Amino acid sequence: MRLFSNTAVLLQKELQAEFRSHELLTTASVFILIVIVLFSFTFDPTSAESRKFGPGLLWLAFLFSASLMLQPCFLKERTNDTLSALRLVVNDPFAIFLAKLCANTIFLLVTELLLLFVFAVFYNVGVIAVFPQLALVFFLGSMGVATTGTALSAISSQARMREVLLPLLLLPLLVPVLIPSTEATKALLEKEPVLRWDWLGILIAFDVVFLTALWLFGEYLLEE
Amino acid sequence: MSQRIARPVGLKFTNIEKRFGKLYALRRLDMEIGPGECVALTGRNGSGKTTLLRVGSRLTRPTRGEVAFPGLKESEAPAIGYVSHAVMLYDELTAQENLLLFARLLGIPEPINRIQSLLNGTNLASRAASLVRTFSRGMKQRLAIARALLQEPGLLLLDEPGTGLDTESTVWLVNTVRCLRDEGRTIVMCVHGESALSQLATRAARLDAGTLIADTRAGATFQNIFAAVEA
Amino acid sequence: MIKTGVYTFLVCALMGVTAYAAFFIAPTEATMGLVQRIFYLHAPSGMTALSAFLVSCIGSVAYIFTRKPKWDWLAVSAAEVGIAFCTVVLLTGPIWAKPAWGVWWAWDARLTSTLVLWLLYVAFLILRTMIEDSDRRALVSAFFGVFTFLDVPLVYGSIWWWRTQHPQPVVFTSAGLEPTMRKVFYLSWLSLTCLMALLIRQRYELEESRNELQMLEQELEAN
């Protein structure tokens, strides 16, 4: 189907561009690292405290980083008006969104998993044993962030004060991602780890709802 | 690049109006361009030329009115080549990668051959593996035209294609547009005043404040249309 | 359509009756006493806010498909009225909580969800101020309006489930309402809904007038 082949081509372009420059991944990773370090000054990071507060702080760091990292997503397509070039050749504009949100999910996931290990070392929390489950939680959470963030990047690129606007719009919208992700992560970092499917259910619902909404209404965002 | 193409496509604007908030960019504009015509569109800055071209390329949706493509079947999508002020190319990719991206999105079979011939035709074959970021304005413009020609478009919309080009690139541009015209493609080009490029046109028209005020089809002369067009 | 003056009078009368009922007809609650009466303002305001946001979402969807400005006017009017009712909830909450439980704010599920909702729709209004072109603003904010409303059940759901996992003693519902209390509650809900409709209508007419003024200005400029 043309939609999926176009998405694959565009996804390859997004990944190619990022892996060539490393801009996004580097800045996002360093930002999360800074936040993790700063958090350590705000409470006494014993193992028990870290397990209690850590997941929340980690996810907050992820969300803040994402709201900065997703900014250039559509903004960079304005530089040379490449968005118009894409709109001229792509049959279904949803392919543009789908490719970007897949790319953003991958970028977010890569930085998150990387910083998870840093977090584990700094705060003495064991993550290896539950790594696959954590990866699942991070994947579902990242997809929610990427879906809404990509859509809102298309919105904020058309407005003034876009650097501040994107976090302003995105962060309240992501409350139903923050809570389940934090709780599910917390449950996996307990002494007796548990994979909480109730929380994952909410994440899946969030992802499905917003992906569908983007599919139905996204093309109107790209209109002139 | 010398045979006549199979399917030239016309362009018909009916009662087009385009408003951006309070500003009217186009007002009740009617214009029909027949298949194979080469039209030079002129007018002052802000007269609506760019908006008209964007409406014609279907990038911009008119507030009112319709755009049609005579010569095309009902369900067919028109193959339009559009070149604008912005180069519409990715700086961080090479010339080849840019063309390959658009060719694959268009679903062109065996894109490598097509890309090679376009790069040869635009004298960019030697720089195929260079990042577009390193190109001069003239080279970017040539690549932009190559991109526009990827799907053998029956309709070409060129928005002031000669802007910022050096002499060599300008000569290349004029020759290229002449060839495209002789192949029978419909061409609408925005020009700022009379030039070697505008002389290729078989028809000229002038816009002012979003309306069509003069057209050689309606009896005006080329001279009148290009007179008194200040920057 | 009833004339605005008449309707305004009716709404005021209805609210007067409701206030009387809330203070004098509804029986005093056993544990919390007098302060519990704020419930007749607090809870229905929350429900009215949600109704207003639903109307706003309908306006947003209708705008996306029809592009008629009147739907945009409806969307922004209803959103503003919704924020007003949300503010009432957020103010009456602490006023109730302090005498009843000794704290100004407790992260109760409903109150927390209302706070997030308030933030979301304030963001919606801020977005609108950042886009000058009226058509673009209408389309973009319609899209965000739809996104925001879709988020509402997820916000409520996730916060409610979170509170269920980590319960706390402060609960803002009056569980097990006595029949008279229930009647007063529904009366209050009715009168606040009528007030909501009035306010949306007034705001809508203001937006309509603004638009008319703009059209006249444009015509003047054209000639």
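Letters A, B and C mark the chains in the order given here, with residues in each chain numbered from 1 onward.
Throughout what follows, a contact is a pair of C-beta atoms (placed from the backbone, for glycine too) under 8 Å apart; a residue touches a chain by one contact, two chains touch by 3 or more.
Predicted model only: the values in this text are computed from it and were never measured.
**Q** Contact counts by the stated rule: is the higher one at A-C or B-C?
**A** A-C
**Q** Just by CA atoms, which chain is the most central one?
**A** The most central chain here turns out to be A.
**Q** Taking each chain's centre as the mean of its CA atoms, how far is chain A from chain B in angstrom?
**A** So the centre of chain A lies 39 Å away from the centre of chain B.
**Q** Starting from the mean Cα coordinates of chain A and chain C, work out the distance between those two points in Å.
**A** A distance of 31 Å separates the two centres.
**Q** Can you work out the whole-Å distance between the CA centroids of chain B and chain C?
**A** Comparing mean C-alpha positions, chain C is 51 Å from chain B.
**Q** Specify, in ascending order, the residues of chain C that touch 2 or more different other chains.
**A** Only 136 qualify.
**Q** What are the residues of chain A that contact at least two other chains?
**A** 223 - these are the residues of chain A that touch more than one other chain.
**Q** What does chain C use to touch chain B in their complex?
**A** Interface residues on chain C, with respect to chain B: 132-136, 214, 217-218, 222.
**Q** Considering only the defined contacts, which chain B positions touch chain A in the complex?
**A** 54, 57, 59-61, 80, 82, 84, 86-93, 97, 101-102, 104-107, 147, 151
**Q** Can you list the residues on chain B that touch chain C in the complex?
**A** So the residues of chain B in touch with chain C come to 19-22, 24, 63.
**Q** Any idea which chain A residues touch chain C in the complex?
**A** 148, 151-152, 155, 158-162, 165, 168-169, 172-173, 175-176, 179-180, 183, 198-199, 202, 205-206, 209-210, 213, 217, 220-221, 223
**Q** Of all residues in chain C, which touch chain A in the complex?
**A** So the residues of chain C touching chain A come out as 64, 116, 119-120, 123, 126-127, 130-131, 136, 139-140, 143-144, 146-148, 150-151, 154-155, 157-159, 161-162, 165.
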